[in-house]
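Down below are the structures I want you to see.
Common to both upcoming complexes is chain A, partnered first by chain B, then by chain C.
Moving on, here comes the complex of A and B:
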């Protein structure tokens, strides 16, 4: 038996192809939405992998350092190093802010690290790691910075000495690594006006500036001029050690919160990007409905244009399943063309998205089946219309 | 337009009735139609609008179920108060050919596929169906357009392809509904010539429903249908070559 659907498609291939391209653009947007979600998840995992930590130690009762603010004293890491099975521990500070370069501003996640310790970028694609104690930066290429660029962060200018890749925050902001001490100042140190104001307040406070207790107010003021806080301590455990056991020990004896890698993944993926994921999910559902409506309308219109031929087919003895099969195959063909166009355009325009778009082959396969299912469902109205056609209409009268 | 006396009629219709609706609003479209056509015979079925021509054609074509009566195809009763263990769709596919006022060819199939389609729907192999299609196209002198798209054919060529399609499954009967209506005299007579030739060549009975004054004199036998009843009369049987 010849393929009636195939012949019909070839007969009106122009209309069919243009419709397929239109549908394909819609499918491309759908695949990109799924890719954005996958990219967010992958960014989160990359963030954890690149930090090189087995445990994230943060302020008690917080989900820090990525999902909630967390503050720890910067000498805590020493006591963590004293715990059994803790191989390395390093302070880190995280802060999302606008960084200025020339006349432009870039939103970045600033990361304060100690060179050579957990938290520093694992590899560079250009330049060198941080070596000096101050005013150097290693930036992710997505910032658009180049080696030698001078970037303004708060009061100071930093020179970009290295470039790295795939180092972004959970929300997709590219990272800029600077020495820990600088990051602490950026995050916690108040500006001069605030410091003067605070000093005056302390001196004016009779409780803090009491006669007979010289130096108290002065000491208090000095303590506010320097920052000894960090956001988290990244811990590497001895190879072969169960990270959860060490985490439990930290929770119990140090009164801190310690998260293992799976727990941090849960925080990043299930909590931090949950709202975005739901947002994307709603978009996907809407796009699926719109696609179904479009395919349904197109197939229905194409069927209406063939009612006379369908009546003739029925009159000369075509089975209902032959006619239904023709319409279904045309709908599936439209979906197939749409999917191929959609996959192609999604791949082509993915690099132009500001956020990482990860188009997974598994998602593509699932998308293909979803498109075919939608097309099959969308053809039902047209099939019902075709099957209701009375073969007598071909005779007339 | 001769008949073979020994063989049973290609179609025999007795007291065929069709009522639409029921009660006070019932309409009797056919009130006892009698009709008989021999294999190889071409007859004309004429009558004014609303006389029941289309209803009769639909009943004979197994598109509409009659209310009562009998239809016998090549000696086999296919309808007698109901379809006799036969699927009307299969009846239309295998034992009835249709030619319409307009060719109504399938525009997305080429000429050969249009003719082969009824055979393919009947389950014949692709090779067999195409072979038969080519034979019919040659018999109707359109084999040189076998691979052409329908839109590339002239009106006359399209009508010949439609006749070839009607003959594809070698049906004992072909129902032709106003096949010459849109054609000028010359072309209308050409179509009648073809129908006569095909009827003789393939021993197929052809019932031509027509209003066309140009072709009515060519029939040897005519059935008038008036108020749902048929009246037989001898036609002129004018020789058209």
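Moving on, here comes the complex of A and C:
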């Protein structure tokens, strides 16, 4: 049995293929849009996964360290290590800033870590981890840095010794990892002018600069200039322990806020990127409706274009089911071509987006069914028109 | 049906399916994770410690008054080279000079008194020398009955009185001498106090600070000038306690001053402090230069690399291969059957250039995953690649 739809497509395959490709590009855009949303969510999750923590301990009553500023004394981790079921605890400092690369500026999230402790990059794609306690950096490859590059951050130059990837902040800025002590300095050390002003201010204060107490003003200035603060303490609990139990005891006895992984995901995804996600969601819905409408129009006009042929078919005694089948098959074929083209182009152009685009296979499968459903529904109008054609028009004109 | 007529659509369909298939397999979770592999290698391992410090003088001197006072003059400028014993500054003596004059006058008076006392002693001695022979003569004459008993008694009394007068004069002379000694000591004390207001350099060195100018009032403990012994400059090095194992005196050090980033200077660990910094969790060591550089600024930031003894032919791996899974240190190993597994291993020292010593737990021919595109998990599908750098995402 010959395929009526196949014969018809082959008859004007060029037009059919171009329509399919055009539809495919539209579907590609839709899939990319879903990918952008998934990418945003995944950025948040990647941030949490990469920190390798079971608990985030932050300043009391804050949603830190990612959604709100939080600052803690850097010796608090010792008291956390003393709690039962806490296996490891490490200070970490986060700071978003612009760094210069070649002639361009790139926005990065600077992460201060203790090498070998939670918070360090979980895998490298080149180079080595931080070995020196100062002035070395591991950068995400998206920053554009290469091994051996020097990054100037405030007062010091950092040498890139390792590269990693998919280490991003919740807003998708690539990360640069540097030793904690340096990050504390970058974050809290004032510039030289401010330091001088502060010293003069202390010296000018008669209460602090008393003649009978030599050295008081200098000591006070020094204590103002040093920084012993971090943004969060990452805690790993003993395997098999309920993180929430440990978090509860930290909240109760240490008077600090502690978040578990699900709570942190809730903060990042439901609070931090909620508005952007909704924005993209609305756009995605509109795009899906527009795509559906365009598919319907294409199939309808395709059917209108061959009304005379359909009339001839009717004249030679073709059954309605055969004609409806032909139109439905053509519509589904169009959807299939469109989906394949869309999925392929979306995958091919995804790496060129500045932020991460995650094309999930689940989304692709759902997309396929949605496309086929839309095509099937869209062909109903066309089928109704085809079936109402008077066979007499085949010879009448 | 002629084949040439439909070859193009068929080709396009095949191309589309092929492209789709490629996309489906090469990306997403189905795709294999690209990794780089390395086998443990025998290397000479040069472990080293890294820290930063500041240039400081081992011996610094703060020269100031021992009591509150006002600065009268400062004789040296910052940068002056001074010798041991050189006068650097002087404090205002206030009434000290007058007190010295008074003491001198009192001393002169005491000396005069002493001279008078000595004269009295001489006079008394003279009286006694006359009175005693007289008494003896009268006693003899009384025995022969030439004089009365009364006359002899009077002469005896005169002799006794002359002896007593001598004792008195001698006592007076001793008191005058003691008085003179006391005033001499008082004068000496006043002069020492005066000398104490002159600030001398205890050593040969360089003036690093002139903290007070003439006219300013200082309390005890504040400095007028500060000196250093330039030959005693060293670097106070701070090393993270977590990575300070093996630090000891005598290890060779490479010092890089912030002002000369390209010129490492040789040195060695001169002292490891017993007291570390418990707040910053750093161990403190003093590093001496082998040869002092010409221009050295105190307080300058210096980076120092301390070289520990090399370990010959150690079994090593790139430190990028080391991971921690469920609280254990180890590496991801690609087995002969192509299955990725986590292998706990025991790690020894690490070198600053990114190699780690393997103590136990790994076969020498094992294929260890060094770099990976994504986080690995047991049984992950991987694909070996010579390098991963340059991939876009």
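Throughout what follows, the second predicted complex is superposed on the first by the 339 of 397 C-alpha atoms of A that agree within 3 Å, B and C clash if a C-alpha of one lies under 4 Å from a C-alpha of the other, contacts with A are read in each partner's own complex, and residues count from 1 in each chain.
Here is the rule we go by: a residue touches a chain if its C-beta (ideal position, glycine included) is under 8 Å from a C-beta of that chain, and two chains touch if they have at least 3 such contacts.
All values derive from a computational prediction rather than experimental measurement.
Colleague: After the superposition on A, what does A:8 contact: first (chain B), second (chain C), both or neither?
Modeller: Only chain B is touched by A:8; chain C is not.
Colleague: Determine, under the contact definition given at the top, whether A:38 touches first (chain B), second (chain C), both, or neither.
Modeller: neither
Colleague: Between chain B and chain C, point out the one touching more chain A residues.
Modeller: C
Colleague: Touching chain B and also chain C: which chain A residues?
Modeller: Common interface on chain A, chain B vs chain C: 10.
Colleague: Quick check on the complex: what are the chain C residues that touch chain A?
Modeller: 6, 8-9, 12, 16-17, 19-20, 23-24, 27-30, 50-52, 217, 219, 221-222, 239-240, 242-243, 279-280, 303, 318-320, 322-324, 326-327, 350-354, 370-376, 387-389, 391-393
Colleague: Which positions of chain A touch chain B when the two form their complex?
Modeller: Interface residues on the chain A side: 1-2, 4, 7-8, 10-12, 308-309, 312-319, 322, 390-392, 394-397.
Colleague: Looking at the complex, which residues from chain A come into contact with chain C?
Modeller: 9-10, 13, 17, 49, 75, 87-88, 114, 116, 122-129, 131-135, 141, 146-147, 161-163, 165-166, 181, 211-212, 214, 228, 236, 238-239, 337, 340-341, 343-344, 347-348, 350-351, 356, 359-361
Colleague: State the interface residues of chain B toward chain A in the complex, per the touch definition above.
Modeller: By the definition above, chain B touches chain A via 53-55, 57-58, 61, 63-64, 89-90, 92-94, 98, 100-101, 104, 106-109, 113, 116-118, 120-122, 126, 149, 165, 177.
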